[in-house]
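Naming follows writing order (A, B, C, D and E), and every chain is counted from residue 1.
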Amino acid sequence: MTDAPLTEIPERVKPSSDALLAKPRRGPRDNAQVIRWILLFLGGVLMVMPIAYMISTSLKWPHEVYNVNLIPDEPTLENYTYVLEDGRFYNWFWNSLIIATLTTISNLFFDSLVGYTLCKFRFPGRTLVFIAILSTLMIPTEMLVIPWYLMSQQFGWLDSYWGIMFPGLMTAFGVFLMKQFFESVPDDFLEAARIDGLNEFQIWWEVAMPLVRPALAALAIFVFLGNWTAFLWPLIVTNSVEMYTLPVGLSGFGDEADVAWELIMTGAAISTIPTLIVFLIFQRFIIRGVVMAGLKG
Amino acid sequence: EVEIEYWQYFFDARVEAMEQLIENFEAANPDITVTMTHFPYADYRTKVAAAIPAGEGPDVVQLFYGWLNDYVEADLIQPLPADVFPAEKIDAEFFPMVQAMKDGDAYWALPTAVRSLALFYNERLFEEAGIEAPPETLDEMMDIAAKLTKRDGAGNLTQVGITAGMTAQDHHWWREGLIRQMGGEPYLDDYQTVNYNSDAGRAALDMYTSMFTGDDAVTAIGFMDEPQAAFKAGRAGMHIDGSFRIGSLNGTRGLKWGVTELPATADGTRSNYSSYWVNAITTKAEGEKYDAAVKFMEYITSDEAMQIWLDVVGELPAKPSVGLTEENANDATFGPFIRGLAYANTTKFANESAQRQLMVEMVERITLQDMDPAESLAIAAEAEQKILDEYYAD
Amino acid sequence: MAELALRSLTKAYGQTEVLHGIDLEVADGEFVVLVGPSGCGKSTTLRLIAGLEDTTSGAIEIGGRDVARLEPAARDIAMVFQNYAIYPHMTVRKNIGFGLRASKLPRADKKERIAEVAEILGMTPLLDRKPSQLSGGQRQRVAIGRAMVRDPAVFLFDEPLSNLDAQLRTQMRLEIKKLHQRVGTTIVFVTHDQVEAMTLADRIVIMKDGHIRQVGTPSEVYRNPADTFVARFIGAPSMNLIEGRADGARVALASGGEIALARGGGDVLLGVRPDDLHPVEGPALIEGRVTVQEPLGPETLIYVETSAGEVIAKADGRVPPAVGSTVRLGAAPEDIHLFDRQSGLALA
Amino acid sequence: MQFYRNLTLRQKQIAWAWAFLAVPVLFYTVIRFYPTGNAVLISFQEWNLLGSRTWTGLDNYEKLWNDPEFWTVFVNTFQYLILGTPISLVLAFIIAYHLDKLRFGHAFLRMLYFLPFMTSAVAMAWVWRWFYQPVPIGLFNNLLASVGIPQVEFLNSVDNALPSVLAPAIWAGLGFQVIIFMAGLRAIPVSYYEAARIDGVGWWVQLTEITLPLLRPTIVFIVVFSSIGFLRIFDHVFNMTTNNPGGPLNSTEPLVLMIYQTAFTSFDMGYAAAQTVVLFTILLIVSLLQLWLLRADR
Amino acid sequence: MAELALRSLTKAYGQTEVLHGIDLEVADGEFVVLVGPSGCGKSTTLRLIAGLEDTTSGAIEIGGRDVARLEPAARDIAMVFQNYAIYPHMTVRKNIGFGLRASKLPRADKKERIAEVAEILGMTPLLDRKPSQLSGGQRQRVAIGRAMVRDPAVFLFDEPLSNLDAQLRTQMRLEIKKLHQRVGTTIVFVTHDQVEAMTLADRIVIMKDGHIRQVGTPSEVYRNPADTFVARFIGAPSMNLIEGRADGARVALASGGEIALARGGGDVLLGVRPDDLHPVEGPALIEGRVTVQEPLGPETLIYVETSAGEVIAKADGRVPPAVGSTVRLGAAPEDIHLFDRQSGLALA
């Protein structure tokens, strides 16, 4: 019956892909598969076209940048050497990595704590807290930057990792996502732990959290990505080149009215690599994770 | 032992030049350390605007001349000490446009370098088309442009004679160049009143739009996205741009280019636009720091600094005495710009990007909506006046 | 080990009271089964004992101590949940060990205790598996192991077998029974399956709508049901109830026919279990046409359409009456129960 | 401690809940609500960031009401919503639907569709901008030219610019929606489809009468989040039109870009704040409406 | 209505063959139950018949026609799924009507047909409810209704009752049986519950590991199991198997004791159902100590520890032997089954 662990795709759901995979069908259905694959592949190729051009441009000399050809006439790694030889690049990369990682960890912790509380506890003010948190999605960052700056200055957070990170330590998106995911954790699990003498914090941390691991993986990717590419706030809050994050640093490849696109593309290509790695590691979890959220309104 | 902070926007050559200046300065003043920070150009203004009012940031800051008023009004920068920077002396030594920085007897800020416009041209395309000399007049410019324009079988432009686009430097050329050359005066009352909705303005606009309208258009707005891109890619014969472009064109492989003064009218009237970035001491600098900042200001506005700036960045010295040396004025590259400074004007903007945007839209109304140029010009003038009125209201 | 007492326990969710005053004493080491239809309040009672819900009024004593305000962990109980609540991300060892998570035992002792419990449950070779690699019965054992490892004064089971298929259910039932015989801990066990209740319990508590209807040993509630609800609830297939009128000496059935019974009076319901109702040759209680046969092996259930409605009887497995044939059914007088038709209460 | 022990379970729950929420609530109050409140305050003031703030009452709102640019922007913003949400929803669904039906290689294809979500918006905006150019450099127009179709002005056109800017935004977000849709599709038991096959209904009936209704919660989730996304669109528009922010005659300018420009090129913080308050109100209404729809059929 | 034939049906998933050649003929109107332990291939067989999976080899004929290449919808079958597969977003009416979704009947006829089916199933008052507002048994009926409405030649049921609780299960079992008696359609019914199989089937097909082990009427498979697997699978509790040696005249038990039986030879297993094994006074088959009692009401199961392992026997319900006491157990010779110890096959 229903004793399958909810964290996994329910058994009955699997055959839609895996079983079909295992079983080559003959006849017209096979052709349909091939056509479907080809069409999806073509669509996928269209999707990555701009990315292919990004990489292509990063391999071009400046004078060739404005040509339409996908394959550079004279491919060069010059741009990569230029970007990577700049000692500051590593500095920025490192800053970004630390900040994105720490922020991700913080989000995983707090978003899930809040999501869990909103999902599993009944207390006065619950709906209010939820709507209030959700409403923070409605304010564009652009408008918050100045108050944040003044705040950072008052507390002496300017030009520090903490200063760059603090606005993103929790997000409403994560809270909402995690709240959905925790709905699929049966209360029995929590009650069993309660009987075993764990306090509420331990129950959340040791029982509930491992059960939503896939969801955490999905959230991790989204948060990491968001912080990895964040630009405006890191720019405003940093005062020294050493503290720049990668996007802020890379945006320096331009002056008053001219931009070195080949370098921008190179930087973009390089900075996609960590996110790609994060995605490749966690992508299976995304599928599973969101399944579990069930999004069952 | 004093440490002061200096901010400017990031551009390789500027950073390099400033590093040299700081090194020299520190050698001469061993008890002062200067730390420089730079920010991406596109967001420099935002950054400075967020930081300085908060009392953060530098002791000496580089600002665009057009922003200065706001900083003065908000008490964010302090006047230069009259004893070190006597007004009469600066009036005499610097290019006259610098006087916009003066308030009564004191200067608020001073530039190291200034910039002006000139006409870049592609020597290889000129050779191919058998053109021997760069244009001297607007008519010649149009003729040459026509010769350099190429189209494919479908009539689409594949090469333009000259670039066009108000988004780049053309709005300066139109305001301070063409209108004045047509005998007009773009603004009155110390740039508080718009005055280009006139015959001269109309003539300047017609001249400008004739480049990209009609069957014999020699260019298109947005050809290859950005004018300098088209020029760098060797697909534009001519290109009007500022002296700051020199560095990036020098780095473009396969491009052989020359530069000449902005074309004159048939009767030889010339006019140019100049602008500059100034250095100012913020109100944050007090006591020792203030003294150090003054010393630093003194050095970076010295003749020596200006020459270094010219050599490294390619920007023009702010003093005629440095700029207009025989050598500089006849330099094949810098010459046209330096000579242009002599007849250059500097627009006092209330909100540069908003005012530029009006020029962009003025042209868009004509090209995209087929509006009568006169009408479009009137709309732009009215809108710009509104911006100015609002700005000068208090 | 300890005795357990519930005194006038009530529980309301918001405005709705779902337990209306439960009184129950469970002796030390006793195996008590709460049984009743879905929604009657069995789980709620158990959750109150466990401390997972606040009581609305009344007292709960474990080993003589009022535990109403104690944390679940402080009540010295262990609970096995219907869906086991074993953690899919932990191995069997960790799952079992989780019961000791909050205990202050030295690590070595904990290990030993886990090994001991695993041994008792025959899970030693499976200690390093994850729950997904276990069969249903094995999962159930893990859940029990986690409860056992804490060596509690009272075990609470909430329908621990209802997720298992028939065969496993029978087998696990036996294991729990044996476990109780070995460890002797007080057990309160909830089920809605009367067979489970009968086979496991020292005493059965039959609940309905938040009230206790009867408490007694399995044979008491089977033989002397306190009312028609208990009578029909215990025993499968359910007891047949036939309307009649008793005059103190005999009972006249509404469907015709009568039987000598010196019990009760007035409008009654006459109850006969299918097990006790057989095709007879002689004087019959009731007669009708066989509509369905259900062969069970040694015996066959027959569904008989009578003028008093459908009744179920048991016939011999080898030569059951054919479908469509008419049978006469009779029962021994001592196997006949009488109930008041109004109140449903048993008539002595 | 004694006090805690004497609480009822429910009281303990409340205590724990608020203990868990203490830090986050403090965080949201200080980091989010306070600045938001501040923005509301500023919307009644005039402030150029450099100087002091002065009260101006409803002036900023009045100015907004009378600003023709605002109304263009307002319409643009809703155009992004009205075009972007359904188009991306339908595209993402079609892709997810077919990816889900695929028996081989879908992990690879899934990555192709997800890649755009991960790449830098600045870099990608430039590539797209460049695709849109007229000949000789624009990829699309070159393709058109090679088959003899007349040139299309994409960005330099009042009518085409907005859809042209929207396309990369949809493109970038598609992967995310595809993944969520696939997840939703996978949660539908196969036996529903098997039963339908036995009943002999075709794929269209299966799609419209089984898949879509059962996917409704997923759809609403995506609708809510992508609506917020499109109403807040900024990065793509800004980067696609860096040299002419807001496109020709403001034809692509969304509200957030207007806010950004008002705040950081005109430094008219009061006016920007007023626009922010309007945006906030729109978003809140749209989201609550959608969330209400989400609840409606619970 | 139609007969159904499976001929040498095999099915492989990738490299693993899960059905190894199934041969089965089902007569028109027959009620056949496939039974076997989890994973033996029951569902797979059903899904092949339904056309939800391709056969690997072999043929399927419905009403004489080879249907192997037909779409499920063209096979004139209907199937009820284990989890019902009723659509949560549709009302009962729409769910039932969905079975006619693809039919070309005029709208009015469809309506009538739905009403008719709802009437048969007693669902008429519930037609406008959504599944979430139904109890488990009612949902089951909706699923059956959706199958019935199509009036198919063959009904396929895949463990339709396994999600229901014990009481509902008994009740629904009866309803399906009655339904079959009324409509007379051919039915193939899958379950792993042998009680269900016994009570429902005209013929039972016992499967294991992708093979058919025995086909026969309930009483055939109960009385004459073809091998030890069938013997233990059918009947609960399972048949006791005791090792012994037969010499054609008598069987000597490994645990000592012997019994006169003129059957078989060599190493055998002697099988006695708990139902047939009782405490006896006289000569016993085997003896041991009672370890557990399970009172079932009229009888009591006793678990007896003997030198041949634990055996289960049935004692009288009223005075069962006490736990711990020693009992002697015996059975009538005709109730004793003999199996070859090696092959497990029954010895005549």
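Note that a contact is a pair of C-beta atoms (placed from the backbone, for glycine too) under 8 Å apart; a residue touches a chain by one contact, two chains touch by 3 or more.
Everything numeric here is computed off the predicted structure, so don't read it as measured data.
Colleague: If you apply the touch rule, which chains end up adjacent to both chain A and chain E?
Modeller: C, D
Colleague: Based on Cα centres, what is the most central chain?
Modeller: Of all chains shown, the one whose C-alpha centroid lies nearest the global centroid is A.
Colleague: Write down the chain pair with more C-beta contact pairs when A-D is set against D-E.
Modeller: Output for the comparison: A-D.
Colleague: How many angstrom lie between the centres of chain B and chain D, each centre taken as the mean Cα position?
Modeller: Here chain B and chain D have centroids separated by 38 Å.
Colleague: Once you find the CA centre of chain B and the CA centre of chain E, what distance in Å lies between them?
Modeller: Chain centroid spacing, chain B to chain E, equals 91 Å.
Colleague: Starting from the mean Cα coordinates of chain A and chain B, work out the distance between those two points in Å.
Modeller: 41
Colleague: At what distance in angstrom does the C-alpha mean of chain C lie from that of chain A?
Modeller: Spacing between the chain centres: roughly 52 Å.
Colleague: List, in ascending order, every residue of chain C touching at least 2 other chains.
Modeller: 51-52, 71, in rising order.
Colleague: Which residue numbers or ranges of chain B touch two or more of the other chains?
Modeller: Residues 42, 46, 50, 168, 224, 226, 233, 235 of chain B touch two or more partner chains.
Colleague: Going by the contact rule already set, what residues in chain A reach two or more other chains?
Modeller: Expected reply: 1, 12, 66-67, 146, 251, 257.
Colleague: Applying the document's contact rule, which stretches of chain D touch chain B when the two form their complex?
Modeller: Touch residues, chain D against chain B: 48-52, 129-130, 133-137, 141, 145, 148, 150-151, 155-158, 242-245, 248-249, 261, 264-267.
Colleague: Can you name the residues of chain A that touch chain C in the complex?
Modeller: That would be residues 1-3, 5, 7-8, 186, 188-189, 191-198, 202, 206-207, 210-211, 213 of chain A.
Colleague: Show which residues of chain B lie in contact with chain A when the two form their complex.
Modeller: By the definition above, chain B touches chain A via 9-11, 37-43, 46-47, 50-51, 54-57, 168-169, 224, 226, 228-230, 232-235, 242, 244-245, 248, 251-255.
Colleague: Quick check: in the complex, which residue numbers of chain A touch chain B?
Modeller: Interface residues on the chain A side: 61-63, 65-67, 145-146, 149-150, 153, 158, 232, 235-236, 239-241, 248, 251-252, 254-258.
Colleague: So in the complex, the part of chain C that touches chain E is made up of which residues?
Modeller: Touch residues, chain C against chain E: 38, 162, 165-167, 170, 173-174, 177-178, 181, 192-193, 195, 198-199, 218-219, 222, 235-237, 273, 275-276, 291-292, 294-298, 301, 303, 317.
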